[in-house]
Structure formats: structure tokens, C-alpha cells
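The same chain A turns up in both complexes below, where it pairs with chain B and then with chain C.
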Partner chain A sequence: MNQKLKIMVVDDEAIVGKRLKPSLESSGYTVETFGDGRSAIARLSKERFDIVITDVRMDDVDGMQILEYVRANIPQTKVIIITGYASVDLARRALDKGAFDFIAKPFKPGDLRTVIEKAARAPSA
Partner chain B sequence: MTDDSGHTMNKAPDRPRESMCVYAPMDAAERKSATAGRHTGIQQRACFPVRLRLILAFAAIFVYCAGVTLWTIYVLPAVHHKIRFLELADAYRHETAQMRRFEKNYFLYGTHLRDALLHTQKARSILSDNEADILKVMSRGRLTAMQKSLASYAAGLQKLAGGHSPEVRAEVQHRLRKYGHRLTADADAFSIQERRALDRTFSLLRTGPLILLAVLMIILFAAAWHINRKIVTALGRLTDFTERIAAGDYTRITFKKTRRDEFTQLATAMNQMIDEIEKRQEILVQSHKIRAIGNLVAGVAHELNNPLNNILLTAVSLQENYADLPPAEALEMLADIVGETERSREIVRNLLDFARQREREIKRLDLGEMLGRAIRLVSSQARMSKIRIETCIPDNLPPVHSDRQLLIQLFVNLLLNAVDALSQNAHGRIAVTVDAPTQAEYVAVSITDNGPGIPRRLQDRIFDPFFTTKPEGRGTGLGLSVSRNIIEQLGGFMRVESEVGKGATFTVYLPVTRVPH
Partner chain C sequence: MPIFVVSADAYPIGRRIAEKTAAALGYRYIDREILEGIAAKHDIPEERLNRLLDAATPPAQIFKKNWRRQLALIQEATLDKLLADHVVCHGLAAHLYVLGVSHAIRVRIISTTDKAAGASQTDAKQLEQLCRQWSLTAFDMDQTDPAQYDTVIRLAETDETEAVRTLVAMSADSRFRANTFSVNCLKDLELSSRVRSQLLKDYTNIKVEAHKGTIIVRTRVSRRNRNKVIEDIKIKAGNIEGVSFVEVHAASGLLARL
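Moving on, here comes the complex of A and B:
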């Protein structure tokens, strides 16, 4: 890891961002958090992120829409989907659409860190 | 939401409004005891079955016919005797007439005395030979008097035969005239009298059957009328009753008759059948509730994962950074954990409150609160499908009387139905509105979705049990049927308005409880 990875966390549950930001920053990542999909996409159009971690179910613009946006516009950015319910169907759909991986709630920061590290090592699509 | 240009279709059975103003339906236990009371009441009434009525009616007709036959059997021999007597009377009259003729000849010409004696003898033998037959019609005293006259007459003739003086002859002639006259007069009188009696009997035999036939007709009409009244009327009542059951009205049959018969047995059996149907309905409502809970659990589990995730993330952060955290931040984290735990508790409590099996209890309920609970129960389900639920529930709604869980179940059913209808819809929207016009007897709760709508040809059938448009294995087809059943239990009714492509509105009309001032 030559340079700091830039990570975006999107979840309409405010506590998720509030806890993940210091936790991931302590692991050496640069982290920005957003509480809704719309402002996250607005930010993505301006700034390049290495990894986007997004909750799948949100009002208005949801995780799948963020995934679609990223795949269409910034394909080198990897997307990790957070799901509230580990439905096989949803996971398959997310992976079909090009998500790097998914993680089911509830998870520990360590679980997420493992997935992030895996994503960091993986070659860009 | 309501399409003004669209047709308003009334899918609720068109029952008169008055009949629906049942403000506080009897609860199950109360109704059961009332039914039981009626059942025992009817069992104590005297039993007078239709079978017995029929037997009695036919027995009465038989007795009447038998009476008529016996009367005929009695009358015909009497007629026979009379005819026989008339024959004898005619023969006797003939003999006496001959006897008198020869007696006259003797006195005029002195001839034929033997012939007169011969005919006298014949007349006597008619009387003596047929004594038994004559006595059936005539009294013995009279017969004896006749025989005496005849004997005296014969004695007179004998006297003439045995030689005589002119004085004796004149005296005997006088006696013979006297007895002879009496004999012929008697014979004539008899003959006429008996002929008249016979004529009367014949005319009675002619008119009698007509009268008997008329009486028989009256008896038959009375029996037919009675049977018609008992059977046809009772069958009519039972037919009306079965039609009412089919329409979902489960009021028990009341017994109007003072005595029991087969129809009261049938009615009792039908009342037991209704008890059974109601039990089944209750089981159906319960089992459908369990299905609804099954649906809700998926949403609730998902909903629960959010606070659980928040708690886990916060607790792990607290654990990992325990030594370095400033106290204020640690306290904030602990407050988050407490808050999120309480949030989890609320989610679980709401579902458990709905899931718990309770005795039905009708009480005054806040309609807005019940709707709020139902909406919260399905909210996670709706969020999963990205369906927005909009509410327009005014304050100060009139109170309704209902069982709390039943009312929530009703709204949950209709909301889940709307959620199902919107599963393929990108911008699903459910609007819950309450319309409570002052002075109106009903408060109207409308649940509108912007889904695909219901084709008009299906609108009549959607409330039928087991009717579903969902693919096999997805729906039981009982949701709307159970919902309608619940509404009817609460004394209300439901209507649907829908057009293909324009969504659907289900409106529940619940009776308002009016508090007298």
C-alpha cells in the first residue's frame, strides 16, 4: 500500500458512518461518509474513490443505483455492498451487476476490514 | 388517489345500512352462551313432529272414510228389510183385497165363500210365515192386532160356511164388514207408510254421499293447508336462512314455534353448523394472521439488523479503543448502544404485540393509533420493496369499538396486499387516508396503491376465499376474504375501486361509536 486508499461509506443509519470512519481511519485509510445516495453520487462525480461501501436499502437513491453509477462511470472503483438481510437473490444480483463483494449486517469493523483488504489486493477491473 | 372520472364500484354486498349498525358485536363467549341458552330452551318445548302431524291427518281421513263405509253397511240391510216388507205388504194387501171381493160376491150371489176363506188363509199364512221379517219393521202389538182381526174375520167366514139363520147372517155380515174394512185400511196404511219411509231412505242415500264428499273435501283442504303452512313455510324460512349464511350473516335462527318438530331439529342442526363455521372462520382468521406474521417477520428481521449492526459496531469500537477514548466520546457511544437497544426492543415488541394470541375483547379504540401500529408493522416490508407509505389521518377521529388485534390485523392485511400489488413497481406508493364526516355513521379508511389495478371482471371475485392472482405458492387467496370476514364481524363493510393501470383503493367502513351527551 504505497498511498492511502480512499474509501466512501454510504449508509442512512448515521451511526454506521460515525463508527466506521474512525475505525477505518485508524487502519490507514482516508474515509468519507454519506447518509444518502444522492449526495454520495454527487461526491463521486467530483472525487475519485478506490472503494465505495454502501448499504443496499436506502430511500430515494439506493445502493444498487450507486453500484450502477460506479460501474458505468468509474469502473476502476470497487463497490462493497452492505445488506440488512443476507438474501441470496440480492447478493447474486449485486455480484451480477459488478459488486466486488457484499457483507451482511450485523458485522464487526474487523469483518469489513478483511473485505477491504481483499478488495485492495485485487486487480482493478 | 380517487379517480373522479373512474367508475365507483360498490363491491360490498348491498345490505341495508340499518342492519349494519351493530355497534358492539357480541363477543364469542357471550354469543356462545346465548346460543346454548336457545338450544336448551327449544329442547324443553313439547315435541310435535311433522311425521306425527301427517299420521294424525291421514288417520283422521281414514276414520272418516271408515265411518262412512260403516254407515252404508248399516243402512243397506235396513233398506233391504223395508223392500222385503213392502213386498209382503203388497202380497198381504192383494190377499185381503181378494178376500173382500169374494166376501162381497158371497153376500150378493151366495158364491165364492170357499175362495174368500182360501184368501183369508193365505193372508194369515203371509203374516205368520214372515213374522220375523215383519217384526223388523213393525211392532209386535200391531202385528198381533192384525192377526187378531184376521182371525176374527176368518171365524166369521167359518160361521157362514157352517149353516145359519138370516139374523145370524146379518150379524156376521156386519162383523165381517167391520173387520174387513179395518184389515184393508191397515194394509193400505202400512204400505203407504213404509213406502214413504223407503223414499226418505233412498233420497238420503242419494244426497248422503254428496254431503260426505263435501265434508271429505273440507277435511282434505284443511289437512293440505296445515301441512303447507308447516312444511312449505318452514322450508321457506330455512331457504332464506341458508341464503343469509352464504352472504356471511351468521345470526342464529330463532325459534318461533311453540312445539318442536323435524324443522326445529333441522334449525338446531343448522345453528350448530353456524357455530362450527364461526369456529372455522376464527381459525381461518388466526391462521391467516400467522401467515401475515410470517411475512412481517422477514421485514422485522431486516429492520432489526440495523440497530443490531449499530450496537455491534459501537460496542466493538468501544472495546478496541477503550483505553484511548475521551470519556465524553465513550459516554456518547454508550448512549448510542442504549438508544439502539431500545429501538430493537420497540421493533420486537410491536411484532410480538401483534403476534400474541389473546382473547377477543371489544373495546373503545383510537383508530389513528391502530392505523399507526399497522403501518409500523408493515413499514420494513414496504421499505424493502422501496414503497413509500403516505398517511393522511386527521386528529379527533371518532372512536370505534373493536377488538384491538382484529382491527390491526385487518389493516395489516390490506397494507400487505397493497405491498404485494406494488412488488413490481419502481415507484410504489401507498396512501392511507381516513375520512370521518361528522354525523356520519361510518368512518372510512382508504388504502390506495398505485399498482397495476384490478381488472373489472375480477373485482367481483377478489373477496372469494382462495381466489388469488398471485403465482402458485405465493398467496393463499385468503387475505381479502379474511379481511371482509373481520369487517363483517365488526359490523362494517368494504368497497373496492380500481381501474387497470390506475391502482386500487380498498375502503373500509367501520361503524362509529356515538356517545350520547
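Moving on, here comes the complex of A and C:
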């Protein structure tokens, strides 16, 4: 992955993107935020991101569908799932579909940065 | 990497399979050897801890306070070991308290009654009933319920070598990969068990939950002592490493439930 990582954040709770964007940008990443899955996938079809951070529960296109899209079309992009509804079953389903990591909300931006750094170091699929 | 939590209806068989799985995967193996350290640290005869895990029935009510605390000490020590990756754990009742951890593969080995346990069908059923009762009393969990496990291996339908092969293959399943959520869940379990075993020195009815340093303690207490107990628990739990906040729910009255 490049030195300046390109990160996409997808969450229908606007506050999540609003808080994560400045925090991640201050770490030197380029960040784009999206409030719904459909526009995120439209953007992914045009632009390459190193890491996609997505919520699971969203109307219309959810985080699992974004994960499936990324794995099928841009497998070198890592997907980190964030959710307020974490469970053993959901974590296992996400990992089975190829998620790089699974994080329960709420979390500290520092915790997410640690996972991002791990993802950046990990070999591409 | 996942961790394996193996339980069996016959200890020596479960041990053999778990040990061979650990060796095949190059994982660390933990079993009752850790009881020696617990016994020494808390000045309890090691034999008593072994008997506690082997017993088919819970003790009489008057002995339950010590019994619960000693089980809690085993739980605390086991969870501490499980925080490391690459572990196969057997023989420490971990299947009853490693719950909600997605990278923990929970395995139940059921040996054939005639070949392995040497018991008749009726004896086996009675034994199962006792096991069920023991696990419900000790950890509120029915260990005979197959739904509690990721895999149940019946040795009547396979053999030990095949059982090991199955477990080794499961280790490569991405569903059981450690992730931030599951590691945090395990850390929460470890912290709650540390707090619980500490509080069980003084209290009998204690349930503890942890979430990233925040501790919720539930206990039953007389109305007269309520405030005193809450304050005492807050101080004791608050002094434990890793605890940042303590919330106490103290229920009073005859019908109070934890």
C-alpha cells in the first residue's frame, strides 16, 4: 500500500464520518466519507481505495454488500467492519466474507488507527 | 488465529485429542497443570481443585461459597492464559465461561458409552443429567446442550485421529480468525473474572460484567446494608488493575433476582 493511504468511511450516522474524517486525516490519510452504501459503491467503481471502513446496518445497500462488492471487484482493498450490533455470528459472517477486521462501536479513533496500520502492513489478498 | 476450547464427557479422551490437536498445530496446550500455580498462589490444596472439576454434583449449600470462589480462581487463571493466541485449552471447564468470543472454537467430544466410558446407557444418561446440573449450578450453562458448541464430535461415528484432523482443519477457517471485537470480548471476560474472584472473598451472590474497563456488579443484599455494600464493592473492584469505572446493582428483598 502507498505511504498516503486512501480510506473510505461509510456510515449512515453522519456523526461517525464527521468525527473520523479529521481524526484520520490528522494521521496523514486521505479520507472520503459516504452516508449510504449505494453512493459508496458508485465511488468504488471509479476510484481505488486502500481501505474501506463500513458500518453494517444501513438502508438499501448494507455493509455486507459493500464487503461482497469489494472482495469480488477490488480484492486488494481491505475492508474493516464497524457496527453497533456486534455479535459472534455477525463477526464470523464478516470474516467469512473476507473482512480484514471487525470492530464493535463505540471505539476510540486510536483503536481504529491501530487496525488501519495493521491492514496497511498486511499483504493484499 | 483461533483458540480451541475443548470439553469431553471423558477427561482422558478429551485430553488426548486436545493435546494432539495442539501438537499438530504447534499451539500451546493448557490443561489442569495450571491448577498447581493457582493452588500455590491461593494456598488451596491442588487435589481439591482437581476434585472440584471432576465432581459430578455441586457441593451442599454451606460449602458453596468456597466452591464458587475456587471455580472463579480457575476461571481467572484460564482466561489469563487464553489471552495469548494459539492455544488449545481442555479440562478447565472453559467451555462454560468462554462465551461470546468469535475466535474461540468450542468443541465437545462425546465418547461412546460402551467403548470409552465403560458405562451402560442408563448410567450414561444419569451421568449426563448430573453434568447438566453441575454446569447450570456452576456457570448457568447447560454443557450437555449441543447448540453451545461450534462442533460436536461423536467418537461412535469417527475415531480420535479423525477428530484431530477435523479440529486442525477448523483452525484454517477464516470465521474463527481473531479480530478486534473478539479479542476485546476475551479481555472483558478476563477482567470480569478477576473482579468476580476478588469479590467472592467477601460476597456469595456476585455477577460481574466488564466492558472496556467499566464493570457492572450485580449482587443481592439486605436493605439495611445496601449502601455499605455498594460502597465496599466500588472500592474493592475499583482498586483492581484495568478497572476504570464501577457500577453496582444491589437487589434487595426475598424475590430479588440477579
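Here is the rule we use: the second predicted complex is superposed on the first by the 123 of 125 C-alpha atoms of A that agree within 3 Å, B and C clash if a C-alpha of one lies under 4 Å from a C-alpha of the other, contacts with A are read in each partner's own complex, and residues count from 1 in each chain.
In the analysis below, a contact is a pair of C-beta atoms (placed from the backbone, for glycine too) under 8 Å apart; a residue touches a chain by one contact, two chains touch by 3 or more.
Everything numeric in this text was worked out from a predicted model, so none of it was measured.
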{"item": "Joint occupancy of chain A by chain B and chain C, clash or fit", "value": "fit"}
{"item": "Touching partner for A:Phe49 - first (chain B), second (chain C), both, neither", "value": "neither"}
{"item": "Partner chain(s) touched by A:Asp101 [first = chain B, second = chain C, both, neither]", "value": "second"}
{"item": "First (chain B), second (chain C), both or neither touched by A:Ala91", "value": "second"}
{"item": "Chain B versus chain C as contact partner of A:Pro22, first or second or both or neither", "value": "first"}
{"item": "Touched partner set for A:Phe34, first chain B, second chain C, both or neither", "value": "neither"}
{"item": "Which of chain B and chain C A:Gly110 touches, first, second, both or neither", "value": "first"}
{"item": "CA minimum distance (chain B, chain C), superposed complexes, angstrom", "value": "11"}
{"item": "Touching both chain B and chain C, residues of chain A", "value": "104, 107"}
{"item": "Chain B residues within the chain A interface of the complex", "value": "298, 301-303, 305-306, 308-314, 316-317, 320-321, 336, 340, 383-384, 386, 388"}
{"item": "Interfacial residue positions of chain C with respect to chain A in the complex", "value": "100-102, 173-177, 179-182, 184"}
{"item": "Residues of chain A touching chain C in the complex", "value": "86-88, 91-93, 95-96, 98-99, 101-104, 107, 111, 115"}
{"item": "Complex contacts: residues of chain A adjacent to chain B", "value": "13, 15-16, 18-20, 22-23, 26, 57, 59, 62, 84-85, 104-110"}
